[in-house]
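A, B, C, D, E, F, G and H are the chain letters, set down in written order, and residue numbers restart from 1 in every chain.
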Amino acid sequence: MEKFEDLGFCKVDFDREKRTGYPEVIYGENKTVEQMIEIMSRLLYAHGKAMITRLSADKAEELLDVFPAAKYDAVARILTYGVADPVKFGKVLVVCAGTSDLPVAEEAVLTLEWMGCRVDRLYDVGVAGLDRLLAHKEAIQQASVLIVVAGMEGALASVVAGMVKRPVIAVPTSVGYGAHFAGITPLLAMLSSCASGMSVVNIDNGYGAACQAALILRLAAEGAET
Amino acid sequence: MEKFEDLGFCKVDFDREKRTGYPEVIYGENKTVEQMIEIMSRLLYAHGKAMITRLSADKAEELLDVFPAAKYDAVARILTYGVADPVKFGKVLVVCAGTSDLPVAEEAVLTLEWMGCRVDRLYDVGVAGLDRLLAHKEAIQQASVLIVVAGMEGALASVVAGMVKRPVIAVPTSVGYGAHFAGITPLLAMLSSCASGMSVVNIDNGYGAACQAALILRLAAEGAET
Amino acid sequence: MEKFEDLGFCKVDFDREKRTGYPEVIYGENKTVEQMIEIMSRLLYAHGKAMITRLSADKAEELLDVFPAAKYDAVARILTYGVADPVKFGKVLVVCAGTSDLPVAEEAVLTLEWMGCRVDRLYDVGVAGLDRLLAHKEAIQQASVLIVVAGMEGALASVVAGMVKRPVIAVPTSVGYGAHFAGITPLLAMLSSCASGMSVVNIDNGYGAACQAALILRLAAEGAET
Amino acid sequence: MEKFEDLGFCKVDFDREKRTGYPEVIYGENKTVEQMIEIMSRLLYAHGKAMITRLSADKAEELLDVFPAAKYDAVARILTYGVADPVKFGKVLVVCAGTSDLPVAEEAVLTLEWMGCRVDRLYDVGVAGLDRLLAHKEAIQQASVLIVVAGMEGALASVVAGMVKRPVIAVPTSVGYGAHFAGITPLLAMLSSCASGMSVVNIDNGYGAACQAALILRLAAEGAET
Amino acid sequence: MEKFEDLGFCKVDFDREKRTGYPEVIYGENKTVEQMIEIMSRLLYAHGKAMITRLSADKAEELLDVFPAAKYDAVARILTYGVADPVKFGKVLVVCAGTSDLPVAEEAVLTLEWMGCRVDRLYDVGVAGLDRLLAHKEAIQQASVLIVVAGMEGALASVVAGMVKRPVIAVPTSVGYGAHFAGITPLLAMLSSCASGMSVVNIDNGYGAACQAALILRLAAEGAET
Amino acid sequence: MEKFEDLGFCKVDFDREKRTGYPEVIYGENKTVEQMIEIMSRLLYAHGKAMITRLSADKAEELLDVFPAAKYDAVARILTYGVADPVKFGKVLVVCAGTSDLPVAEEAVLTLEWMGCRVDRLYDVGVAGLDRLLAHKEAIQQASVLIVVAGMEGALASVVAGMVKRPVIAVPTSVGYGAHFAGITPLLAMLSSCASGMSVVNIDNGYGAACQAALILRLAAEGAET
Amino acid sequence: MEKFEDLGFCKVDFDREKRTGYPEVIYGENKTVEQMIEIMSRLLYAHGKAMITRLSADKAEELLDVFPAAKYDAVARILTYGVADPVKFGKVLVVCAGTSDLPVAEEAVLTLEWMGCRVDRLYDVGVAGLDRLLAHKEAIQQASVLIVVAGMEGALASVVAGMVKRPVIAVPTSVGYGAHFAGITPLLAMLSSCASGMSVVNIDNGYGAACQAALILRLAAEGAET
Amino acid sequence: MEKFEDLGFCKVDFDREKRTGYPEVIYGENKTVEQMIEIMSRLLYAHGKAMITRLSADKAEELLDVFPAAKYDAVARILTYGVADPVKFGKVLVVCAGTSDLPVAEEAVLTLEWMGCRVDRLYDVGVAGLDRLLAHKEAIQQASVLIVVAGMEGALASVVAGMVKRPVIAVPTSVGYGAHFAGITPLLAMLSSCASGMSVVNIDNGYGAACQAALILRLAAEGAET
């Protein structure tokens, strides 16, 4: 098979799975339904699975008509078809600070599941009420990788990273107002964190955090297999 | 006495103590030693006490020659002369996140002492090691007013504000690098905090936080006297 | 009673009143009506009172059907149920610069009333016509705590803080255009104020200012009771 | 005479006085002493007067050796030679908020004097102590044009503009720290002012404000002569 | 008559005309029709004239029903009633760079007319085609005051200010895209101008520029009368 | 042993190794030599190893006098004492774009070595000459974790992340000028990357990237041991 | 013919073609259909060809009724009438990174065609899959001028510029989210590029890039003719 | 010859001349003298010519000891050795706005000369005195490519681009203060220019502008040779 196919408006990258571990994922924000059908058909033919992120509910409906075996989640705004081989090591814990961060957290969870990873949720444990967080200390410390999703001042990421010996991937969210600047503030705060072992992805990028977490888990799984 | 005296380059505000609770304080950053001597002489004559903030060690030395009864603190960069009547109620707790925040925390402490308030210190309790903070839970909850000084991502302020039923005044510091923007990041983070009952002052403004804390304590003291 | 209850999408914090002085308040901006009904039911069961901020009129209508004893204010966008025990000391004065700042000022006023505080209003006294402000000098100086709400250049906060010996909490508003940056300009101006004894909360955060004012008044009330 | 002379590194604009009312003024910041001597010689030959702004004391000394009839002011950092014909109408009042704003205020004053305008000073009347300002209400209201120089939050400009029926030119200064951003905050605040009849020049640009004030006074003087 | 009347939501400032030269002008952006009717009635009673800026067409229609003698201009978004006494000296020239800047330029023109000033227009003379500007050199040089309205990079203001011996007031507009930042770029460019005798008002603030121009013309007119 | 020891100015966190995988590391930027000696002594006593980052050469010299067994690297500005147990799985590849990024890359390399990880270097392979990068394709694809250090526009990180199935940690550096904003530009570019599986740390934070890489390698090593 | 015609709201610049190589192009964003008809009529009369950019589909429809010989492209949002004389040298290659950048790339392509230039497309060759780009190395190196259109982190421009000996014009696009700031990030990244021979135009300014490319090609064509 | 040589700290790119038209140029800012000697030796051996930009005078002196045939220009801060084959077509005109922009303009001029291009200077023709610019209209219109260097508000670039049918490359400089933000303002202004046919390079990047101009001239020269 060719490394990519040229559809004119786009070049579908069949080689990506071999190169980077997972097939190309379709970013749904600025694409027409027609474009997505074309690309998805090629991806399904080549890989047997596909995923679209940032997909609006109305576009999803049209796609489900064409691909009835696909599944759409309205909170995460993700459409998936098929699933990757299971990653047989470890577990990711997705932690989020408040109710409003759910869509981003769920984008991470669904991406991880599609990528074959085991994943748990720990939601609404913002630092203004530490008891809620400390009550789940054990679960936090037993995760292999942690994704911390937080808007507002993003302090949850620093607190969690200070509790564990595992890599933490912080995801700032655009939830907030005024001096929050649609996510810039938690983004900068997470980058300036006093805790070590933590890195950051773009605002609302639950998908990106999940990708890196999956690559980490797969590396560890390969370690486990050797 | 006139409400103010005109020195040409400056108008000394004698009425300020009556109006706002404390005499005018001299901001030392951009003033010459000569200017400060002139202003301080007037203030001492009118109020019997005076304070200079942001004072460099070499200028302080010259001022101590003229006012040998004054005291200078090189960490807080504050020179004080005399002290206000004691505020007979409550206590302020000054909490700071890391060793590098000390100068700002000490600026707050010395200002509070000069303003007659009782004050305790709790230093180096950043959120990357929550145990250090939780070990002092009782002291934190017994303070009347809390000043939280933090650089980096400023998360400490949110965590402390979530633990107490007392007003918290957050002071971001300029300690950090890169995405920290010399204090802008903790400033924005504190303003976007998920915790209630907290307000914020300018970057490195330990003095300003202390002023407000002193006014709060005096209000409560007046309440106690009625 | 447990410290919190896990509703899956959210963990209701029953311990907050004991810990921070007031029950958890619901931030209505990004929540569905269903979520708010669930949370509010728990809070009413535990505390007998509840408040929702940033609530749109149409969502409010649905909530009033379920909780007919609640009250909704369309200007402040606040829904309240019940009221806290009265704070038996002092009074808060909410000052605002112009007609356009009313929603934020009213958010502060209604929050204070729900928190049991006495509160007065002084509206439309922007510094471009100082007479309006100076005509109320006495009322300003007799308040225990002042909340100053201002958009544009936010100068009112500095002027008021220079007139009183009480703590001033400044609230920048998003009212303005161009170089006003939706509230960033008065926010920065208030943080850079030449007046002492003043602190700042986030843009449009009338609720946050009210919280801190209530905590200050309660501290003073406790002083008065001792 | 030619409209300009080409010195290679610079083209001296002899036509500027006729075109814009005043001869070219030398901006001293990035020029060598040699360059300034060359340009100043041409300007003196053509106009009989010259001015250099932003001139450091050590460069000034070298220039005074060459042009002993020139005068240098170390606070304003201005060197002048000669003076324009007197503007026979009105008076400019230069108002400044604090002691630290003096260099900028003096840059305005000396520029105005060199441009032949009458000018008065009113210094250190920041809004944190309104009495100092209100005590000079009459002088403020009798000025023909007002230049208001202020750092910190820049509130003085709005307050003054609300008191007068004359044009106000606001000059933000770089005096401040943290959220003050070296003058950006008062600049934005002055641009967002709630007062009318006011315009703004660049940070620390006392010279620019003086230029516009002089043009206004000359227009009025021409009116008076007709 | 009292200096102001308290309508609760607003304090109408009757003293402003005496103090600052013109009656209070209503900023229509965030006000309800009812509020504007109330305020306008008081202003008309006190001054016999009134003006509302930033007024949408639909609100204007309702106001015209109540005040049939008022006039509304849909481009400038201004409603006027009556007119000030004529200013018997000089003329303002409103220059604009492109077709898209018209609404702001017209806001300036209509404000000036309402304030009794003579005013001329010179539109669409952006610097990318200098001939259009140079063809009107004489008109430009004969104006008493110039208001230059420009979006994009705002270069027109510098070019015009370099051609005249009269005060220039620059108005950046929000017309542009990308690196133009809704007017921030021409605002900063105008503040950094290499031309003297120029000052700047807020983005799209045609009204503010007109106010200052009117005050300048009235000063000159008073000069002419003495 | 206690979890931490209180030195007054600082609380040494002995529990951190157990909690987060590695002992506390001293950030040398704002600490005095005396403070560092005190803290380092405690850390050596508790853990037998220690590391100081951002340490100037002159302070390092004083510390080497006290701890002659320590080693100092002037490029990375790191002092180490002892080394962690070797991590028996995988290898980190530190890639950097240009010669100027070396100090940051070396900070990562030395931290990794101190943390017991195997690490290789691939330097000066910026995207303006792709051949240099492509010549090392195999080495790039065989690394377990990649740290990509780049200033300028930071494009190298995206290109590398598109070539591998392993986690990539991007480190923007402050090397550049003008629109580079001391590292903000590559920081934002890396956060906006079109490549997946990549996360970002603060500007110049080679240490932080190394921490996360070490945690990933240890997780995989644990996988390999199970 | 006059150099320009004054339509009141606008001055049509007939001289522009002679002066700058191409007739005035109409920026359609803020103009009414009536205004565009008026201007376009004059341009067609003077030059026999015309172009409107940033034209919405509904306005285009009205214009096509009036000018049935015109052509409208809905992706590029461009309306053209006629075409310039062919430029008989070289070819421009328009490269774009992703599907979402198409509208900007097409704006460049159609502008170039209207300006008489030969142009090729190379789309969806983002750096996350280098093979797609390297597969077209020859086409890239044979182009006379390259326009590189990219959103996200804009890395494609640096990579392409490092491959060729021809001028590269980079166009950042507003496609992205969060730290992408609607195009600011690729704009800054392109300006900070490590590759030489590249310059940058405004965000989404496909038209501007095409203009410069056309001027370059015409210069070379003139070279070829001499 | 290999495409590059690996010096460990750097990989010298011998292939660049063939690929991009000119040999690698050394950016001197952050390199040690030793590093530069190593790299320059290799480049001279491979290409017979070399250039270092942003080189301080003291480092230059050391390099001249090693390479006595090299030439150093202290204003442009450039060291050159040898020169490229002459480009036998056209001429570049480097225009600058003010005396302070000279170092950047000279960086462009010397780079062009080293690259074999013919180049003329037109200095100190800022738009505040248009006559100086218009006096050179013919020279401006006869250039093949124009580089416009300007600080302050950067308006000169727009004015020049509106006068010519040749490509204009704009270079903002860091000369200015306050709202100029060390070059950000002219950078943004140039990007937002109302003139077509213009592109922009980074602040102070005279070298980059020269590179693109040289590539354009060489393309045209190749055209001329065909």
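Criterion: a residue touches a chain if its C-beta (ideal position, glycine included) is under 8 Å from a C-beta of that chain, and two chains touch if they have at least 3 such contacts.
The model shown is predicted, which means the values in this text are computed figures rather than measured ones.
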| item | value |
| --- | --- |
| Selected pair, greater C-beta contact count between A-B and C-E | A-B |
| Pair from C-E, G-H or A-C with over half of its contact pairs in common with A-F | G-H |
| Distance between the centres, which are taken as Cα means, of chain D and chain C, whole angstrom | 44 |
| Separation of mean Cα positions, chain D and chain B [Å, integer] | 36 |
| Distance between chain centroids, defined by C-alpha means - chain D, chain E (Å) | 25 |
| Two or more partner chains touched - positions in chain G | 19, 98, 129, 161-163, 178-180, 184, 187, 191-192, 195-196, 202 |
| Pairs of chains, among all present, that meet the touch criterion | A-B, A-C, A-F, A-G, B-C, B-D, B-F, C-D, C-E, D-E, D-H, E-G, E-H, F-G, F-H, G-H |
| Chain B partner contacts - residues on chain F that touch it in the complex | 3-4, 8-11, 13, 15-16, 19, 27, 29-31, 35, 172, 174, 183-184, 187, 202-205 |
| Chain G to chain H touching residues, read off their complex | 19-22, 25, 89-90, 144-145, 161-167, 169, 187, 191-192, 195-202, 207-209, 211-212, 214-216, 218-224, 226 |
| Interfacial residue positions of chain D with respect to chain C in the complex | 97-98, 126-130, 152-155, 158-159, 161-163, 176, 178-181, 184-196 |
| Footprint of chain F on chain B - complex, ascending | 98-100, 102, 123-125, 129, 131-132, 135, 175, 177-180 |
